[in-house]
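Several structures are given next for inspection.
The following pair of complexes shares a single chain, subunit A, combined with subunit B in the former and subunit C in the latter.
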Partner chain A sequence: MTPRVVFPNKILPYLLVAPQLAITLVFFYWPAGQAFYQSMLRQDPFGLRTKFVWFANFRKVLADPAYLNSIKVTVVFSLATAIVAMCVALLLAVMAEKVVRGKGLYRTLLIWPYAVAPAIAGMLWLFLFNPSIGSLAYMLRSFGIAWDPLLNGTHAMILLVSAAAWKQISYNFLFFVAGLQAVPKALIEAAAMDGAGETKRFWTIVFPLLAPTTFFLLVVNTVYALFDTFGIVHAVTGGGPGKTTETLVYKVYNDGFVNLILGDSAAQSVILMVIVISLTAIQFRYVERKVHYG
Partner chain B sequence: MATVDLKDVKKVYPSGFEAVKGVSIAVPDRQLCVLVGPSGCGKSTLLRMIAGLETISSGTVAIDGKIVNSIGPTERDIAMVFQNYALYPHMKVYDNMAYGLRNRGTPKDEIDSRVRATAKILELSALLDRRPRELSGGQRQRVAMGRAIVRNPRVFLFDEPLSNLDAKLRGQMRVEIKNLQRSLGVTSVYVTHDQLEAMTLADILVVMNGGLVEQMGAPLDIYERPASTFVASFIGAPPMNLLALTESASGAVLADGTAIAFAPREARAATLGFRPEDADVTFNAEAPPGALVLPALVEAVEPVGAESFLHCAAGGNRIVVRVAGRATATVGNQLRVVAKAEKLHWFDQAGKRVG
Partner chain C sequence: MIGQSPLRTVIAHAVLILGILIVAFPIYYTFVASTQTLQTILRPPLPLLPGDQFWNNYTEALFGGVGRIGGVSVGRLLLNTTVMALGIAVGKIFISILSAYAIVFFRFPLRMVFFWLIFITLMLPVEVRILPTYKVMVDLGMIDTYAGLIIPLIASATATLLFRQFFMTIPGELVEAARVDGAGPWRFFFDILLPLSRTNIAALFVILFIYGWTQYLWPLLVTNSSNMNTIVIALRKMVSFADADTQWNLVMVTAMLAIVPPILVVVLMQRWFVRGLVDSEK
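Up next is the complex of A and B:
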């Protein structure tokens, strides 16, 4: 146990953390409190009368089949995005490690997509895979695949996951490259002399030693897939076709700002907040135990 | 068991740097060969080539008579102890030792019995459930040894395995390694820059310098008959005293003008050497005939306990003389350093031994 630090001045420490606290209070606690308060209100369509309804909004939302569908969509989308983004990034990072000449250039090119805004990334993919004008959609059709993300929910989801993962791959790649460089070369050599082939070395030595990086990226990617993909969903599918790609975040926006059911929307965002807090807590409590830091 | 044969092995890096410039060494079965030399002499590169971790630019490496140049480290059946141990940090001691056996598909119960037997030899039995970071330096060193031993490989390689330990532990582990190697009877190649380790461990000592072998042989032979000034100054602590000679009408003279009448012809314009323990100091003027007698001024005295080292200015150089017990001389004393003729070493202008 580290001994408790006692500051001679009683007020100064609070003053020093005050700016940080103020920012957190104004930009997190206050809006969160507002959302929580709003989630218990119900307004008429014109915003003239407001009624305090306790948890009626939550009951309504959780009983709504469209909301339950949205949860399912979000789970599929987030898992797929996080897994695809991390697997592809790891593969690329391992390959990039083997490049001898032009390593820097190769890495720079792989990191670039991270600089692209989510909505732009979404538009790129949308155009590439647009059934009428997309060049890649044309290629898919020539392979005999009836590609139609505008009508086929599965296709729309694949497109969305591709766009969302593509954007995150660069970020993951950067961390995996750094992680791989931190694995001591002598360990790989020792494993080679211990009779482990390349694949075996990767899974028994390198991958376990990358665990801290992988864990960190798992947290970041999950949060990314849950929240930061609004722009992509909005640009690529707008939640459609039907409601097959309507994620929780997108539904919050849709119900609140398009359909103007503010009470429902607020209730949903409170639920979302609870989900993220518990998800992060679970990850740190259970997954991190399996992680060995050096 | 196995022999290790290197024939004219060279290592040239893509940058053009030649780390090893043609080395031939034959290590007989069950012998411990020590490669010693200063940093950058190519000894580690050579070891890594035997291990298969570096490609061989030219020449051949053969284990048990079979050339292994094109065989990867995985198939050479060699175990190596690395300088910083290279233990797998995420595995327990048991798994660290079992890893190599598992990779070779050894049955589970055999792995278990072998790991436990090895752990017993190395006094690691109580530590099998620990992870490397929970061990002390000496214990980690033992685990690294255990990981090598448990596989019962044809050849052991050691890459400066003791350099991360403190002096006391180093001495202890040195003896253990020697005993272990002898009782297991595994052919070994050991790299170090510590000449004491090299002297005490080696059956065959190879002194390397600048990518070449300077001298090879039994440690004491090398100590007694160093083949060059480099070996003379590298092996032995403190190193051999080397004095520059200039040719004169009557033979040779030292830098301070002391005449050396009995210098062999080839060494007259080169170097004379003697070991610190092969010289005596005397305050008397007379000296035995045929001996080297140097007037010397004591500049420093280092009492070590059982012996003392006198650092003197003599023959235009700084020399060190070892005297048993406590030195009677003190700083500023003027005395004579006497070395018997048969204990003198002569080197020619190229630094090679004469006679």
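Up next is the complex of A and C:
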């Protein structure tokens, strides 16, 4: 950064950052600090005595089969959501690049799920697919599929992934379109002159040049699936049936708010914090520098 | 431009139309369901075309009061959600433009410390500090208040980073010229910086409005009384698949009312929306 021309005031800048800093300290750092502190405390079942137990809560949480299960659920859910949402969006973006007529209209019609709250997206999909009144569930049954997301864990997961991915298509679509527009036309034309067909041009030129966009979206989609989908899980399955759709964030909420196991919940919060920090670090390390592999 | 066979163009259109069908279908079907009688909804499959209950259902939901949400009118829910979404959008833009202004255009001790303190909040989403934040809210008496719904969500790093990035592209000569002409920091802020930031503000506003409107975990935590619920939370309370007396036709009207305002914002302000999305995530 080059030295800039600045204003010489001494007090004013502090006043300017004060509001944001105050809110940040009260609602971010203080609670985050509390989470750290509580993650090392353990209360007796009646909440009368509290003991400092160092990392015992972490050991307990990480040895808990329910927690390990929810890690597995989260990984499956996040990867499936990210992959489905990105593949569909990439296909649509590539197709949108090809058409001349109606491009704007297609874009308009493709971006609106972005505005739908994840929880509502989940409810809409559940409305379509719930076994008693869902019209699409009715269709599935008439094809002979014993579809029941309320009792079958795999079906519940499929439903959650569909709803979560559906909402994310718009976002990925817009980024892929932007990425495709940045691919130099000259390269594609040169390849066409050398006789490369359309499919070959896509996989050898366009797709590698899209790598930074794809990588960026992979990180963003994973973060989305990890955190923003709490609403979907809460509204659609509540972690069930059994614990087949209990994601990490849902478990933090459930253990802390519903079951009131404070120490465990705080330890889980801290583990989540570590996950977010590493994902953000990855994002900034690789994405901010805009690595190009082409 | 490389020539393209007409067949491939047709395929492209077909894929796009199929994509739109998938993307639009759940929303369209919600609309269809919101215009049917309860009896029709309970006997799948639902017809593909809207029914004749549009006026009945919408007036019933809007003015009749929906029992399941504790007698709170949909109007009140929409008001709560609008206040929250606008409050978050305006508040976030306000505090982050000020702090970005301080960080870029002034030199003062602890400047970089402040910048990092703000930056690190990127890594502390509500989800990782649910309980302690809730406790802070209780201690401050902010449960069931608009302030409680809005203020904790207006501090975040993304908007500040966006403004900082934009401010750094403003040439130093401009600041110098303003200072030579005798403009103080406020004059510079209002007469030069704000007008230059107009497009960024508009773009950010759209994104933040949607962000505020679609919040789920936070309003779930800080609202106990149905009077303060947002429409998304209220909708969740209305939906019960196990329960035979869920008024599906009214639930679907509520769902439509919950998703149409943000969709309109996105579609009508599409240019700002796309810009805001691509910029704020860079």
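In this section, the second predicted complex is superposed on the first by the 246 of 294 C-alpha atoms of A that agree within 3 Å, B and C clash if a C-alpha of one lies under 4 Å from a C-alpha of the other, contacts with A are read in each partner's own complex, and residues count from 1 in each chain.
Basically, a contact is a pair of C-beta atoms (placed from the backbone, for glycine too) under 8 Å apart; a residue touches a chain by one contact, two chains touch by 3 or more.
Keep in mind the model is a prediction, meaning the values are calculated, not measured.
Peer 1: Look at A:Q34 in the shared chain and tell me whether it touches subunit B only, subunit C only, both, or neither; answer first, second, both or neither.
Peer 2: second
Peer 1: Quick check for you: in the superposed arrangement, does A:P13 touch first (subunit B), second (subunit C), both or neither?
Peer 2: second
Peer 1: When the two structures are overlaid on chain A, which partner does A:F55 contact: first (subunit B), second (subunit C), both, or neither?
Peer 2: neither
Peer 1: For A:L128 in the superposed arrangement: first (subunit B), second (subunit C), both or neither?
Peer 2: second
Peer 1: With both structures placed on chain A, which of the two partners, subunit B or subunit C, ends up touching more residues of subunit A?
Peer 2: C
Peer 1: Considering only touches as defined above, state whether A:E189 meets subunit B (first), subunit C (second), both or neither.
Peer 2: A:E189 contacts both subunit B and subunit C.
Peer 1: In the superposed arrangement, does A:W203 touch subunit B (first), subunit C (second), both or neither?
Peer 2: neither
Peer 1: Based on the A-chain superposition described above, do subunit B and subunit C contact any of the same residues on subunit A, and if so which?
Peer 2: 189, 192
Peer 1: Per the contact definition, I'd like the list of subunit C residues that touch subunit A in the complex.
Peer 2: The contact residues of subunit C facing subunit A are 1-2, 4, 8-9, 11-13, 15-16, 19-20, 22-24, 26-27, 29-30, 33, 41-46, 94-96, 98-99, 101-108, 111, 114, 117-118, 121-125, 127-136, 140, 151-152, 154-155, 160, 168, 172-173, 175-176, 179, 184-185, 188, 210, 213-217, 220-221, 232, 235-236, 239, 241, 248, 252, 255, 258-259, 262-263, 265-267, 270, 273-274, 277-278, 281.
Peer 1: Would you mind writing out the residues of subunit B in touch with subunit A in their complex?
Peer 2: That would be residues 51-53, 72-76, 78-80, 82-84, 86, 88-90, 99-100, 103-104, 131, 133, 147, 151 of subunit B.
Peer 1: Sort out for me which residues of subunit A touch subunit B in the complex.
Peer 2: 184, 186-187, 189-197, 200, 204-205, 208-209, 211, 292, 294
Peer 1: In their complex, what parts of subunit A are in touch with subunit C?
Peer 2: Subunit A reaches subunit C through residues 1-2, 4-7, 9-10, 12-14, 16-17, 19-21, 23-35, 38, 88, 91-92, 95-96, 98-99, 102, 106-121, 123-128, 130, 132-135, 137-139, 150, 166, 169-171, 174-175, 178, 185, 188-189, 192, 198, 216, 220, 227, 230-231, 234-235, 249, 252-253, 256-257, 262, 265-266, 269-270, 272-273, 276-277, 280.
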